[in-house]
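A quick write-up on the structure given underneath.
Chain naming follows the written order as A, B, C and D, and within any one chain the residues start at number 1.
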Amino acid sequence: MTAYLQVDGLDHRFGGLRALQECSFTIEQGRITCLVGPNGAGKTTIFNVITGFLKPDQGSVAFRGRSLDGLRPQSIVHAGIARTFQNLRLFTDLTALDNVLVGISGQFGEEPLGAILRPMHTARAQARRRMEAMQTLEHVGLADRARDLVRNLSYGEQKLLTVARVLATGAELLLLDEPASGLSAGALDAIMSLLRRLQNEGKTLLVVEHNTRVVQQIADDVLFLHQGHLMAQGTPERIISDPALAEIYFGGAL
Amino acid sequence: MRASFIGAVAFVAGLVLAGLPADAETIRFGGILPLTGPGALIGTAEMRGVQFAVDQANAKGGIRGNQIDVLFEDNQAKPDQSILSFNKLTDLQHVSVIFTGYSGPTLAMAPLATRKKVLLVNAGAQADGLAKASPYLINTLPTIGGEIEVISQWAVSAGKKKAGILFENGAAGMAGRDDYLKSFADAGGSIVAQEASQFGQTDFRPALLKIADAKPDIMLVVITAGLLQMAQEYKQLDLKFTVAGTTFFADPTVIADPAATGFVHTQLQIDAPPDLAAQFKAKYGADMEFFAKQYYNAAQIILITLDKVLADKKSVSGETMHDALFEIRKFQGLIPLEFKTNTASVPMDINVMKDGKDVLLKEVKLQ
Amino acid sequence: MDFLFSYIVLAEIYVLLGLSTNLLVGIAGIFSVSQAAVFGVGAYLVAHFMMAADPLSFIPSMLIAAACCVALNILVTLPSLRVSGDYFVVTSFGIQLLATAVFTNWAQGTGGANGLPGIPPPDLFGWPVETTGRYVLLCTLFAGLGCLAFWLIMRAPFGRLVRAIREDETAVAAAGKNVLRAKVSAAALAGAFAGTAGGLYATFLSFIDPSSFDLDASILLLTMVVVGGARTLAGSVIGPFLLLALPQLLTLVDIPTTIAAAARQLIYGLLLIVFMLFRPQGLAGERL
Amino acid sequence: MLALQLLATGLVTGCALGVVAISFSLVYATTKIFHVAHAGIYTMGGYLAWSMVMYGVPFLIALLVAMVACTAAGALIQNQLYARLERRRATHLVVLIASLGALAVIQNIIAAVYTPNILQFPVNWSSRMMAFGPVRLNYTQVLTIVVSLLAYGATMLFAHRTILGKRIRAVASNPMLAGITRLQPQTVYVYVIAIASALVCLPGVLVPLDLGLQPYNGVTPLLTATIAMIAGGVGSITGAFVLSVGIAVVQNLSLLVMPGEWSIGVTFFIFVIFMLFRPTGLFAAR
C-alpha cells in the first residue's frame, strides 16, 4: 500500500541555513492536512520542493506511488498537484476570468501556429474553456467579478481567485499557502466553507495555516514542523493542546 | 484610442500638405545629404556649397529671370531615408535635379533616378560603383580608384615599395583599400599590413602601431574623419614612414598642423578665388573647404546647364538637363572639367605638406 | 504618388517589425534591442538567394529567410532565459553590435560597408513587382497577413499566456504551463516577422547596407512600439506610420539650415521624454 | 615593443573607461536606472571645458567648473525626469526610453551649438611626449592614468568611509528597507547621480583633450563601460574598474592576432558568451 503523497527524508540548505532536515511525512487522500509551525520552520520550502520549484539536496517526493523527483513545475501540475502562493501571484493586469483560464490545461491555441492556422477551431475551443472557467468562478463565488481586472478585486476575492486558478488546473491535490491569512471574518467564513466543499468533492488539501481557529475547524490532520523537521503529527486537538508544541510555536514566533 | 486614430490621420494629412508646391515662378532643385549623425559634418559643408552658389545666382536675378530654390532633405546617410526623400522631392516638388553625396545612399537612389529620369549630381562620394550606377548619375569628381592609381604609381617610383594601409571601416574606406590592394600591386609594390579604424573614432594609435610593426616605407590612408588626430598621433608615436592619401587629406587644419609635415597626397584641382572664399566664410562662419568648393562647383555646372535648357526654350526636366549637360561637356567653374562619361575627369596634383603649407610635388595632366 | 506609396511601403515593413518587437518586448517581456539584427539577416539572406548564381525566386527566398530568422531569433533570445532584466538588455546590445560588426566586415557575404546593390525586384508567379504601386499591394498583403496573425494569436489562449508570463513567470509555471515553450514560440514568431520584413526591405530598396540594421534602427523600433503603444495591434501599426512621418513633418518647422538637423533630432528626443512622462502607454497601447 | 606600446595605450583607454564604468555603476547599482543620458553628461563636460579654455580660462579651472556644471545637469535629470517617472510608477523600459530621449536632447543641443565638427583643445602642453623605456605617452595620456586612478581611489574611500557613501550603499542593497529607515532613497538618488556626473566629467574632458571632441562620441564608451560593469559584477566598484582596463587592454592587444575591424565584434561576442555562463559577473557584489 503506497501513500497518497509520500515525502521522504528531505534535506535542503540555503547557504548556511538548513531549511529542511530529514523531513518525512505522508498525506492521505481526501483529507485536509494543515501544515503548521513557527516562522522559518520550512513550510513554504516544503511546498516549493513538492511542486518542483526547488530541488532538495536530498530526499524524495512520491505522489500516488510515482516519484516526482526532477520533474519541472508544469509536469507536476499535470501529475495532479497544484499550489497557491502566500503572496498570491495573480496576474493583476488580467481579468479574473483570464486568470482562471491560464490555469486550464491542454487548450488548443496555446501554440501560435495552431491559433493562426485554425482560427475557427481555436475560437470554438475558447468558448468551451470560457464556460468551464465561469463554472469554476461560480464555484468559488466570484462569477459576478469575472470581467473585472484582478487589481480591482478585494483581497478576500483575490484569495478566492487563487483557489479558482488551482482548481482550473484539474489537480486533485491542492497545496494552499496561507489561504486564510489577512482576511476579514466574512471572507474567512467564505474560504473555509469553500475548502470543506472541495474536500467533499474529492480533493485532497495540504494547507499552510497560522490561525489556530482555522486549523481546528478545517483540519483532519496536522503536521507540526520545526526547524525543517517534522516534530509531530496528529489531530488538531492533540497538536494544539500539546504544551511543548505551543511553547515552540509561540516562543519561536516571538 | 479613437482620438489617436484621428490624430494619426491628421498627421498623414499634414504630411501631404507639407509637400505641396508653393509658387510657380521658382525652379526647384533638391539636395539629399546627411545633415544629422556622424555624416553631418561633410553633409552640411556640401549643403552650404550648393546653397552658396544658388544664392549668388539668385542675387544676380536668377537664371534667365527664374529664381532657384534648393530643397534639402536629411537622409542621415541612410539608404532607406534617401529613397523616401527622393520620392518626396520628385513626387511632391517635381524636382529634376538632386544633389547627393555619400556612396551608399547614392547607389540606393541610382536605380530610381534611371527609372524616373531625374538627374542625380554627386560631387563628394568616390566609391567605384558610382561610375556605372546609372546614366542619370553625374559624378563631378573621379572615383577614388583614379586617385589611388596615381598615388600608388608615385609611391613605387619614389622607391617606397612596401606599404601599409590604414582605412576607415566604411563604404569609402573599404573601396579605397581594395583599390590600393590592386593599384599598388600593379605598380610593382607590395602591401605588408592593413588596419581598419571605425568611422568617427579618433584613437588611431593601435592601428598605427600595428602598421609600424610591419615596417612599411609608406602608409596609404583612406579615412574621411579624424585626419588631424591621426596626424598628431603619428607624430607623437614618432613614426618614420611616409604617409600618403587622396584628396581627403586636403583639410586645411591638417595642412596647417606641423604634425602633418611630409604627408603626401593627390589633390583634385579645385580652387576658390580668395574673395569668394571670404564671402563664404563671412556667410557661414566656416572655411570654404573641399566639399563646399566641390558642391559649389557642381551647383554652378547645373546652373550653366539650366541656362542652356532655358535658352533652348525647353522645359526643365531630368532628361533635358542630362542632355544639355553632355552637349556642353566642358565646364570652366572653379576647375576645368570634362564629362566624357558620367564621371568627370579632373586634373590632379600630387602635393606634400610642409611647414603648414601644401606644396606642389608633381602635376598630373588630364588624360 | 510615389512618395506617398514609398512612405506606405516602408511604414508597412516597419509595421511587421513593430509587431515583431511588440511580441518580444511588449508581450513576452523579453527586452530585446537586437531586432534590427534579425531584420538585417532576413534582408541579406533574401538578397543572397535572389542574387545567387543560380537564383531562387522571391517566395522561396522569403520562406528560407523567414525560417532562418526564426532559428536565429530563438538563438538570440536564449540568453533571456538565463539572465534577466537589464542584464539581458546589455547582452542584447552586445548581440546587435556583434551583428553590425559582421554585416560591416564580412565583405564576401554582405558586401561589407559598401552594401549590396542590384537586388532584383520580386516576381510573384509571373507578376513582376517593379513599380512602387505594386509594392504597396505586396507589402499591404504581407503586413495585413502579419496583423491578422498577430490578432489571431493575441485573442487565442497563447495571447493570454504570454501576457501572464510577462507578469509572473513563476505563477504561470505553477498553473501548469510551459513558460520556456511559450517564450520560444513568441521569439520564433517575432523572428519570422522580422525576417519577412527584411526580405521586403531588401527587394524594395534594391540596395542594402549595414547602416539600415544598426543599433539606431533597433532603438527606432523600440521607440515605434512605445510611441504607438505596447501590446496592441493598433499600437504596432500607428507607431511606425507616425515615426516615419515625423522627420518629414519636422521639416515644416522653420529653423536656420545650419542647426536645422540637430534641432530636429532634439525635438525628437523631447517628444520621447514627453511621451514617457505623460503617456507611457503610447497612443493606443497598454501600460508598459 | 609593439605589445608594450599597445598595452600602454590600452591602459590609458581602459583607465578613462574605468571612470565611466564606476560612475555608471554607482548610478545603476543604487537607482536601478539604466542611465543612458550619462553619455550625454560625458560629452557635455568636454564641450563646456573646451569653451572655457577657448575663452582663456586655465585648463584646471575649466575642468573644475565643467565638473560642477555636470553635477548640476545630472541632478537636474534625476530631479526633473527620473523622480517624476518614479512617482508615476514607470517601468524600466519607460525610464530607459526617457533616458534615451534625454541623451538625444543633450547631444543635439551640443551639435547645434558647436557643429558636429571634431574640435581640438587649444592647449599646447597636451601632446608633449614622455618616454618610459620603449613606451611613448603624451602628457594627456599620463594625466588620464593618474587622474583615473585617483578618481577610483576617491570613489572607494567615499563609498566605504563617508556617511553619504554608506547611505548610498545601504540604499543600493535594499531601497525598500532604506525607505522604511528614513534614508529617503529619492534624495540619495540625486546625490548619487550628481556625484557620478562629476566623476564622468573627468574622462569626458581628458579623453577629448587627447583625441578631440565630437557631439555623438559618448555612446560607445558608455556601452563598453556598461559591459565592464556587468562583467565585473554590478555594485562592485573595483570590478567595474578592473574589467574596463581589462577590456581596453585586450581590445588593443587583440590587434596582435587579428584585424582591428573585428576587435569590437569579438569583444561583444565574448561578452555574450560570458553572460550565458556567468551572468552574475566576476566580482559579484555582496
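Please note the rule applied: a contact is a pair of C-beta atoms (placed from the backbone, for glycine too) under 8 Å apart; a residue touches a chain by one contact, two chains touch by 3 or more.
What you see is a predicted model; the values in this text were computed from it and never measured.
Chemist: Which chain's mean C-alpha position is nearest the mean C-alpha position of the whole protein set?
Modeler: Chain closest to the assembly's C-alpha mean: C.
Chemist: Farthest chain from subunit D, going by the mean of C-alpha atoms per chain?
Modeler: Chain centre farthest from subunit D's centre: A.
Chemist: State, to the nearest whole Å, the distance from the C-alpha centre of subunit C to the C-alpha centre of subunit D.
Modeler: Between these chains, centre-to-centre, one finds 31 Å.
Chemist: Averaging over Cα atoms per chain, report the distance between subunit A and subunit B in Å.
Modeler: Using C-alpha averages as centres, the distance is 72 Å.
Chemist: Averaged over CA atoms, how far is the centre of subunit A from the centre of subunit D? Could you give it in whole Å?
Modeler: 49
Chemist: Give me the residue numbers in subunit C that touch at least two other chains, ranges are fine.
Modeler: Correct list: 104-105, 258, 261-262, 265, 287.
Chemist: Do you know which subunit B residues sit against two or more other chains?
Modeler: In subunit B, residues 36, 40, 44, 169, 196 touch at least two other chains, as defined above.
Chemist: Please list all residues of subunit D that touch 2 or more other chains.
Modeler: Correct list: 108, 111, 115-116, 261, 264.
Chemist: May I ask you to sort the chain touch graph into line, ring, star, complete or other?
Modeler: Graph shape, chains as nodes and touching pairs as edges: none of the named types, so other.
Chemist: Provide the full list of chain pairs in touch.
Modeler: A-C, B-C, B-D, C-D
Chemist: Any idea which subunit B residues touch subunit C in the complex?
Modeler: Residues of subunit B touching subunit C: 1, 4-5, 7-8, 11-12, 14-16, 18-19, 35-36, 40, 44, 47, 51, 72-74, 77-81, 83-84, 87-88, 90-92, 103-104, 107-108, 110-111, 116, 127, 129, 133, 169-171, 173-175, 196, 284.
Chemist: What part of subunit B is in contact with subunit D in the complex they form?
Modeler: Touch residues, subunit B against subunit D: 36-38, 40-41, 44, 169, 194-198, 200-203, 205-207, 209-210, 212-213, 225-226, 228-229, 232, 235-238, 253, 286.
Chemist: Applying the document's contact rule, which stretches of subunit C touch subunit A when the two form their complex?
Modeler: 149, 152-153, 155-158, 160-161, 163-164, 167-168, 170-179, 182, 185-186, 188-189, 286-287
Chemist: Would you pull the subunit C residues touching subunit B in the complex into a rising list?
Modeler: Those residues of subunit C that touch subunit B are 1-7, 10, 104-105, 107, 112-115, 117, 132, 201, 205-209, 211-212, 229, 234, 238, 241-242, 244-245, 247-249, 251-252, 257-258, 260-262, 264-265, 283-284.
Chemist: How about subunit D: which of its residues touch subunit C in the complex?
Modeler: Residues of subunit D touching subunit C: 28, 32, 34, 81, 84-85, 88, 90-98, 100-105, 107-109, 111-112, 115-116, 223, 226-227, 230, 261-262, 264-265, 268-269, 271-272, 275-276, 279.
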